[in-house]
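Presented sequentially are two complexes of subunit A, the first with subunit B as partner and the second with subunit C.
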Partner chain A sequence: MSIIVKDLSYTYNPKSPYQTQALKNVSLTIEEGQFVGLCGHTGSGKTTFVQHLNALIITQEGYLSVNGLDLTVKNKKLRREMLKKLRGKVGMVFQYPEYQLFANTVYEDIAFGPKNMKLTKEEIDVRVKEAIISVGLDFDYVNQKSPFELSGGEKRRVALAGVLAMRPSVLVLDEPTAGLDPRGKREILDLIVNLKKQSGLTVIMISHDMDEVYEYTDRTIVFNNGTVEYDMRTYELFQKADLTKLGLEIPQMAVLNNILKNGGVFLTGENHTVKQMLSALVQYKADKLRKQQND
Partner chain B sequence: MQKIIEIKNVTYNYKDYTDNGTEIATDRGVNNIDLDVYEGEFLALVGHNGSGKSTLAKLFNGLIKPQSGSVRVYGLNPEIDEQLYKIRSKVGMVFQNPDNQMVASIVEDDVAFGPENLGIETKELRNRVDNALKSVNMYEYADKTPTRLSGGQKQRIAIAGALAIEPLVLVLDEATSMLDPIGRSEVMETVLKLNKEGITVIAITHFMDEAVKADRVVVLNEGKIALEGAPKEVFSQGRLLHQMGLDVPRSVSLSTQLSERGFNVEPFTTDIKLLGDKLCQLLSKI
Partner chain C sequence: MIREVAFGQYYPTKSVIHRLDPRLKIILSLAYMVATIFLVNSFFCYALLSLFLLSVIAVSKIPLISVFKSVKAILFLALFTAVINIFFIKGNAEELLVDWWIFKIYSSGLISAGRMVFRLILLVMGASMLTLTTTPVDLTYGIESLLSPLKLIKVPVGDFALVMSITLRFIPTLMEETDRIIRAQKARGAQFDTGGMVARAKAFVPILVPLLVNSFRRAEELAMAMNARCFEGSTKRTRLKKLIFLWRDLFALLIFVLIVGFAVAVNYINSDWLVNFIGKPLFDILFFDR
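Our next item is the complex of A and B:
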């Protein structure tokens, strides 16, 4: 099952002086289990796009389906049924999600979604436990705590757990690492990678940090003025496309890889991280020295 | 260089409350900190979430007062009310969220808010607002409404608001963390320019590539100063920084590790392009 988008367009405040077209004829398909990065400067349409995916925005034009559910259905009764099925499927983690925590205890906060899905008490209990553990927090330590007593990074995990408790098959994250310190960033991203590995989750991540996108995603979609400017395998994108004109930075390891290639140094592998780059360089040097000796 | 801020043995801890309202002391905040800030420098404060950076920032302009120890800003004591107001007019602050710092519905009114409260005359006020907007390159937006600006533009308006009180020191508390790359570089360029013009800058940041541009980096950990020095000295302590939840810029990390493994590269290369060229040279010679 996957996300299918065809000619999706959206206009804010139509027929008013503030009319702005946020999406223009966007078409793409996202397969199950992909880790997709969504990039583009502020106002490029990426947030409008992801808000379509769980029907926070009602489609105006074009076709959109998620896991076989047609989100453009107009018939009221069918639409209600579709929404019911959809809500738990696409989990949305907004920017600074810790600002949305509201309950007295971590447990209640995470249980809010499953409760609204009218699950049994036992089922809710199972899901809350599972969600807390999956974000790397200690259940006994946090479950009766107020979410407001926790650190910034912990709060963000609780917010993420609240979404995971719905057991979504697609996880949409809007700048999940914004405002976190370097360790907090790494921890959240590693956590997402693990979740994806364990449950085959499809992950769509909006990010302004190109180094992060380069290290973690398989595919990158770049929005510009409401259209899809690029949609490629992440590695290819940063080797080929001229992204600086769109206000995006080139990841450090991609810059280095390009310089090396132009200088005739062809390393093994794609080397998206410092660690990979380091060992590829060490390997390259050793191979060359060995070859020299043999000659 | 002249010392302008002296922080001596300062402790400021936050309090917790039990369910029945009794106070419990915590060690969150800063503990026995000593720090001097020098005129005209660009000082970067880094540290993990909760390390005490923002607490320290609030001590610089008397938003909070030390529980023990002393703070002097241009020789003034924030614990004495009359002196506190003088400190506020010398030290301007810009916070993280651009949307929380707008007080007026027109850009120039927003910038005028600070000096107006200081009782500045209309003519002088006009001058200050115009100058402040010009120096952040937002003069043509004077009559626009802040809500329709980008994040980077809003933060530049917030900086203009701080500049309009003609401060000698500008404190930025993660002022770029909610911005996109364009907004970030707009703000950083503005700040570097102001620093060149003579304003002392204290920038709190999670972006190590911003800290690398500073004259001096101070690393906070668990409410104490763990490391301090030129960016080169601080970022050469990769392992220690890692333990404290921080990172080294990628280019610095790679060049340092390559140099440890016998590559003839400068261990502290902040520019990835320089490192790339050097590696091409080295590896093609073999």
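Our next item is the complex of A and C:
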């Protein structure tokens, strides 16, 4: 199952002085189980694109389907049925999701999604527990607390749990680490990677942090002025040097890799993290030593 | 979906109407509204006033549709008033038009209904012309300047103006925020258009609570930011853009007084005198409702 997008275009406030075209003929396919990074400067169309995936924006032009569900149906009754199925399948975590918490207790807030799916009480109970544990919070501790009593990082986890409790097969994250400290960032991202490993989730993540994208994603799509500028394997993309033109930073590890390459040091494998880089360097040194000894 | 509700939002085109002194625009809009509601009650005068309004819209280069959008918001109210007037106003026996079952419709009811609808539409369109052609900032300056005589009796006009400009400033922000929260809750399967009244009202809790919490947070942050920049409410402030009453403003005022004044005057002139002046046949056509 996958996401298929063909010639998607979208214009905000058409036929008014505020008219702006946010998407122009976007076509792409996202396979199940991929971890995709979406990059591009502000106003490049990423968020508009992502909101299409959950039918929060009604498609104006083009074709879009998620797991075989046609999102472009116009018929009201069919559309309602499609939405019911879709909202459980595509989980959407917005920017600063902690600002959408509303319930008296953490439990109630996380149960909001499953309740809307008309699940049984027992099933909701199971899912809320599972979701709280999967975001690394202590169930007994937070369960009956007000979400407004929690810390920023904890609130964000609760919001994430609220989406995960619907057991989506596609998880869309709009800058999930914005405003978190380095440790909070790492924790959220590791958590997502774990979820992905456990359940084969497809993850689509908007991010401005290229180090993050480089380290965690398999594939990166770069938006520019409403069109897809690049769409390729993350590692390959950042070996290209012209991303700065689009206002994107080159990840630290990719920069290091390039410096080493220019200095004649060719490392084995694709090294995305500091750890991988270090072990590759150690490997390189060892290989060199061995070579010298053999000579 | 939220954006469409925001009728009367500033419409940026370059026109004379846009450039008029906001104080003048505020006063003239108020005068226009008073004229339509209290001073004028014959169809001929309404026609005059509508003609005036239409020419103002034409000069302002704002598409008629954008102005009519504001009418859409009161459509229900207008229909409701019309229906009430048509069915509940009793006239003389010779005015009876329809007599069916329990419904009796008199011609005076129809005339009164038409009058009310005309009034409402002119009123809303006139008011929205003010907001369509004046930026919120100009509007606030205008109101502050108009209220400034109240400073003499120690009314903190400057503070009111500040509160108002902050309010106006945050309307789009809050609307965006509402939009975002609605989307977020929709993504979690929330439905706002199904179920009975209670279910629908309940469905808004997940929107209102975060909105309220966020507004307080924003207000607090703004207050802190203002404090950090040494803001003090009571000091006398200067403006970058001073409001100056120009020749074109005087010209606009003259046109307004001439046309609207004429409409009001015609409304109050003695009928006999008018009949003598324009003749009985023409009078009967123009002032059929007198």
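Throughout what follows, the second predicted complex is superposed on the first by the 294 of 295 C-alpha atoms of A that agree within 3 Å, B and C clash if a C-alpha of one lies under 4 Å from a C-alpha of the other, contacts with A are read in each partner's own complex, and residues count from 1 in each chain.
In this section, a residue touches a chain if its C-beta (ideal position, glycine included) is under 8 Å from a C-beta of that chain, and two chains touch if they have at least 3 such contacts.
Predicted model only: the values in this text are computed from it and were never measured.
K.L.:
Does subunit B (first) or subunit C (second) touch A:87, or do both, or does neither?
P.N.:
Second partner only.
K.L.:
Subunit A residues in contact: does subunit B have more, or subunit C?
P.N.:
B
K.L.:
First (subunit B), second (subunit C), both or neither: which does A:136 touch?
P.N.:
Neither partner.
K.L.:
Tell me which partner A:102 touches in the superposition: subunit B (first), subunit C (second), both or neither.
P.N.:
It touches subunit C, and subunit B stays clear.
K.L.:
Just to be sure I read the superposition right, which of the two partners does A:33 touch: subunit B = first, subunit C = second, or both, or neither?
P.N.:
Neither: A:33 stays clear of subunit B and subunit C.
K.L.:
What is the contact status of A:274 with respect to subunit B (first) and subunit C (second): first, second, both, or neither?
P.N.:
The answer is first: A:274 touches subunit B but not subunit C.
K.L.:
Find the residues of subunit A that appear in the contact set with subunit B and again in the contact set with subunit C.
P.N.:
Touching subunit B in the first complex and subunit C in the second, no residue of subunit A appears in both lists.
K.L.:
Would you pull the subunit B residues touching subunit A in the complex into a rising list?
P.N.:
Listed in rising order, the residues are 47-50, 96, 150-151, 174, 177-178, 180-183, 206, 208, 245-247, 249-251, 253-254, 257-258, 261, 263, 272-273, 275-277, 279-281, 283-284, 286.
K.L.:
For subunit A, which residues count as touching subunit B in their complex?
P.N.:
41-43, 151-153, 178-184, 208, 210-211, 247-249, 252-253, 255-256, 258-260, 262-265, 274, 277-278, 281-282, 284-285, 288-289, 292
K.L.:
Looking at the complex, which residues from subunit A come into contact with subunit C?
P.N.:
Against subunit C, the touching part of subunit A is residues 13, 16-17, 51, 54, 56, 84, 87-88, 90-92, 94, 97, 99-103, 112-113, 116-117, 148, 162-163, 166.
K.L.:
Please name which positions on subunit C make contact with subunit A in the complex.
P.N.:
Contacts found on subunit C: 3, 11-13, 66, 180-181, 183-191, 205-207, 209-210, 213-214.
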